[in-house]
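The structures considered in this document are given below.
Shared between the two complexes below is subunit A, which has subunit B as its partner in the first and subunit C in the second.
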Partner chain A sequence: MSGNLLHRLPILRRSDGIGGALPALTLITLFFVVPVVALLLRSVTDPVPGLQNYATLFGDGTYARVFFNTFLVATVVTAVTVIVAFPVAWMLAIMPPALGSIVFGIIILSMWTNLLTRTYAWMVLLQRTGVINRTLMDIGLISEPLPLINNLTGVTIGMVYIMLPFMILPLVGTLRAIDPMTLRAAALCGASPFDAFRRILLPLSLPGIAAGGLMVFVMSLGYFVTPTLLGGTSNMMLAAMIAQMIQSLLNWGLGSAAAFILLLVTMALYALQLRLVGAKRMTGGI
Partner chain B sequence: MKLILTGILAGLLAATAARADEMVFTSWGGTTQEAQTKSWAAPFEASSGIKVLQDGPTDYGKLKAMVEGGSVAWDVVDVEMDFAIKAAKDGLLEPIDFNVVPKADLDPRFTTDHAVGSFYYSFVLAWNKGAVSGEPTGWADMFDLTKFPGKRTFYKWSAPGVIEIALLADGVPADKLYPLDLDRAFKKLDTIKSEIVWWDSGAQSQQLIASGEAAFGQLWNGRVFALQQDGADVGASWKQNMTAADVLVIPKGSKNKASAMKFLATATSAKSQAMFAEASGYAPINTAAKAEMPADVVKSLPDAYVDGQIDLDMNYWAENRDKIAERWYAWQAK
Partner chain C sequence: MIEPFLFIRDLRKTFGSFVAVHDVTIDIPKGEFLTFLGPSGSGKSTTLYVIAGFQQPTSGNVLLEGRSLLSVPSHKRNIGMVFQRYTLFQHLTVAENVAFPLRVRRRPDAEVKRKVTEMLSLVRLESFGGRYPGALSGGQQQRVALARALAYDPPILLMDEPLSALDKKLREEIQAEIRRIHRETGVTILYVTHDQDEALHLSDRIALFRDGRIEQIGTGEDLYLRPASEFVASFIGNSNFLPAEHLETVNGSATIRLADGSVVSGVRIDQDFSHGQKTRLMVRPEAFRLKPGPATAGLAVEFIDTAFFGERRRVIARTAAGQEIDVRPTSDMAQAHEGIASRRQIFFDPAAAFLFPA
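Coming up: the complex of A and B.
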């Protein structure tokens, strides 16, 4: 299984041999491939051999809803992230390099702060008695607290914030590679700024959007902490459901089946990404 | 293969396994575990010379992984009683050696072959006085959105308590609660579902009520006690308070079983139980403990509110735990 993948990754084929990669491969085999196989086996053997765990997952409305929620959240988060990230990436691409590296530093720095801390900070901001609602009520803009937490809004805000760097970084790479002359040429030919954006900039930046978007989407699918803390129980996503099956219900067979499905979906999306964007851009093209 | 996975999992978990003169105590963290450390572990270390390492929070999935993988890193674990009954049936626990752990004074309600009481507590109705106009007087008020608008908070996990509260609020007499009418309970809960904020840890329940993020809720009495001790403007109603217990268990295959038994003897002794109760506001499971406690503390314990008190049926829950949990989480996700 791992050998197959190896030959399809061009970056590895380019290297002289896999000798140097052996420690890492051993680690991955021991702590990823073996557990995944064990997971798959458990999903079809626990509590009794058969496909009943998968039948339960697909046959029950509750689980279907959790699957739907997971994709809904990932889609919304990806879309909002693209919209928010694009102006930032564009600004970074055309900024003087010195200033650009400072902004870059700030974006990277946010990734170094603990995820849990950042999510709790959002709780403090978003809750009914939180900073945002208090301020808005104090200045008289609203009379009732806005429902910003324990729902899709809270999950989206928290996750977009965390995903932004993963969208901005590939996008900047793509945008920098676009020759600014193409935009000037468009303007000279009479294109309005909006036309230039829609017909020149956007199409040229699509590979970056696709690369970042798929990355954000795939990461969102498996997210646990942020949806759990900022969402309500009706926004439950797959990762939280799996944790519940493993920790609370002690139904490891069902949890394994759900985890395996999540893994399959993620791998399918990754394969799609490789095909669409090309492995080169994914692995080292930025 | 199943064994390999659990072996790897448990191996990782046991990476910090205790030495012979050490043992590991696992509980739920927060003010409760602090009180347990101070009241039980400290005197035990002094008298036995065995060092007690603290771990947590309790995680039933981890416990099962350790036992199945044969690599148990926890020696004494604080768990909910209904889980303990179920886990004993599933073969996850060591039987208690009552030659080491004196049984005579232990409250029989919270003692089984595989578990001794840790402490017992009541679910009470608590509210933020600044966020609620008027005084809620019973569980039914938590379902009255016109008289008491605002967010209400309940325990998130499938466990004894919320279902019973819904049924009582719907008019089921206290002595007719079991077997639980789940359809009726969920129908009642549906009427306030959009106003429910769930708490999943004691600390969170305190934060929600103290900040007024939730106007009122179903809390563990010890957590309300701690809030009031800190001077928070929080009221509490003990009407139809519901008792449940945490118990101490030894996971099957514990490498420090002998030390663990001795620890249980200390933890359940009248003196340790009295110290813990004083620090936490939870009730002692040793019937001789009250004699060792100041009178005003005794007055704040669930024991002082036995009138109308309801004992949540742990055996019923142990029996139906999985079935109820499945419906509970399905309903929550809706």
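Coming up: the complex of A and C.
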């Protein structure tokens, strides 16, 4: 917002353009670009120069499993997030603005709450003797505790919860731009509510789903805290593996190579998103 | 009695304590072009929305060929509708938009194709099938909306101020299209507008709404020449209302005294007035003449201003009582022009004037 405002003032743009951004640029170079380059160098020099670290990562079944697992978790989390977020976003889009801003406030507030706190809260809820299992057993729905933690279920629940705002916010924007009259028109054309959703609402909201989905997917790929605390050892994700390689195994070369691969995949997906958003602009939001 | 085609019976819709539609009853024959005319908030759109199924009435019924529509959801009513804003599906091409109602009805491909071609030629957009709505002008988009609404041969077409987003020239162009399409398809059209010219131009009959009730229903001529109330007279066409006192009525013909003291007799009335009752005499601007005719009444005025409008000249005149009136004489244009700032008499036929209670 303020950035746009500054750009509208030509004098500021000309004289302060580079000078004003200098501290931030320095910071990014020192603490981001330099470490990334160092990481890349380490991955091809440690312990000896060559691509052997990458060969190990791609050749070993154990590492391949972690890569697969990472993509599996990110895919499942993204899919579940889309399904859960859509009705919420739709409700927010058609809600009276006053009520909508209250619900928005609740969503934003949950984003500001400490990540660890929220993840530990899920541990309390999901464990064998946790609130959910005990309640279900008390009312007689189950006789044995459900395995809700230390597996894919736990990771999915915990991460979907954290990712929801990132999906809801772009989706609400897209849905608000859809004229509700369009759906009435579809109804009078003979479309049942399901037809109207499948043929009209869903295609029209695809840009929002794509933007939010890609963001959630990219964030999920590199997630560390939630998978570590709520997931089991059998479905380790990439970030956790990198931490283990560097902290426990002290294998800096291998860890760097894995981190670099993660960075490349993330950047590739980000580039894809930019392309999609760019294409959307060119066709006027279709 | 013949079963009415579309019958709106004692329709009532309230929002809290606000009565939006007040026991409206209309009988609409097949193939009619009926316009709901009225100021905003007069209940015309609400009535249309009840027919479309977007709103449930508080009481009353809507019957199509004798069967109630109220329990039928919108998507099963088989009614066509064109909206105020362009509600085309932006992610579908023009042809796919027109095909949409046929696709959801699972019609065979060949039929869909044939019907889309037929509809696009009906609205004269044959070559636009492959375009997206975003690439069309407002007028073209409304024509696509019209083609989409007619693609499944609905018995009734609802139109909710479809031209209000268009500029004047386009409006007239699409009005002509709508008249032609009505003629060619014979579909029954219920049309909502607040624009009296549009209503007069398009409709077979006009239902004039006011505060949730129908003030008068009839042809444009009925409403213009035989207004049932002062509201109708002032809403349809331009009118001058001269304060007058009712003196007596003989055989449906009233004698009144105007504010300047002149007495006019032969005013047509269709309600009872008492002696001395305050009334208002309505005279259409074009009912004034610059020369006296047989049985005309005179009115002393002063011409203040004239403006030229091509086919006719508009004169602003002031009566002896100080009231400004609108005069649009059909002839004697040169005279009207010469006569600025001059006192003179203008004339009108009392039989073409109307008396309303003040």
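We take it that the second predicted complex is superposed on the first by the 259 of 286 C-alpha atoms of A that agree within 3 Å, B and C clash if a C-alpha of one lies under 4 Å from a C-alpha of the other, contacts with A are read in each partner's own complex, and residues count from 1 in each chain.
Operating definition for what follows: a residue touches a chain if its C-beta (ideal position, glycine included) is under 8 Å from a C-beta of that chain, and two chains touch if they have at least 3 such contacts.
Small disclaimer: the values here were computed from a predicted structure and weren't measured.
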Inset, instruction - Give one word, clash or fit, describing how subunit B and subunit C relate on subunit A after superposing. - result: fit
Inset, instruction - Based on the superposed arrangement, let me know which partner A:V131 touches: subunit B (first), subunit C (second), both, or neither? - result: neither
Inset, instruction - Would you check which partner chain A:S192 touches, where first means subunit B only, second means subunit C only, and both and neither mean what they say? - result: second
Inset, instruction - Identify the partner contact of A:L272: answer first if only subunit B is touched, second if only subunit C is, both if each is, neither if none is. - result: neither
Inset, instruction - Classify the contacts of A:A24 with the two partner chains as first (subunit B alone), second (subunit C alone), both, or neither. - result: neither
Inset, instruction - Tell me which partner A:L204 touches in the superposition: subunit B (first), subunit C (second), both or neither. - result: second
Inset, instruction - Using the touch definition from the top, say if A:R184 reaches subunit B (first), subunit C (second), both or neither. - result: second
Legend entry - Partner, of subunit C and subunit B, that touches more residues belonging to subunit A: B
Inset, instruction - For A:T233, decide between first (touching subunit B), second (touching subunit C), both and neither. - result: first
Legend entry - First (subunit B), second (subunit C), both or neither touched by A:Q244: first
Inset, instruction - For the combined overlay, can you note the least CA distance between subunit B and subunit C, rounded to whole Å? - result: 45
Inset, instruction - Name the residues of subunit A shared by its contacts with subunit B and its contacts with subunit C. - result: none
Inset, instruction - Write out the stretch or stretches of subunit C touching subunit A in their complex. - result: 52-54, 73-81, 83, 85, 87-91, 100-101, 103-105, 132, 134, 145, 148-149, 152, 158
Legend entry - Touching residues (chain side subunit A, partner subunit B) in the complex: 31, 34-35, 37-39, 41-42, 45-46, 60-62, 65-66, 69, 127-129, 150, 232-234, 236, 241, 244, 246-252
Inset, instruction - Mind listing the subunit B positions that touch subunit A in their complex? - result: 1-2, 4-5, 8, 59-62, 64, 151, 156-158, 197-198, 211-213, 322, 325-326, 329-330, 332-334
Inset, instruction - Show which residues of subunit A lie in contact with subunit C when the two form their complex. - result: 179, 181-182, 184-193, 195-196, 199-200, 203-204, 283-286
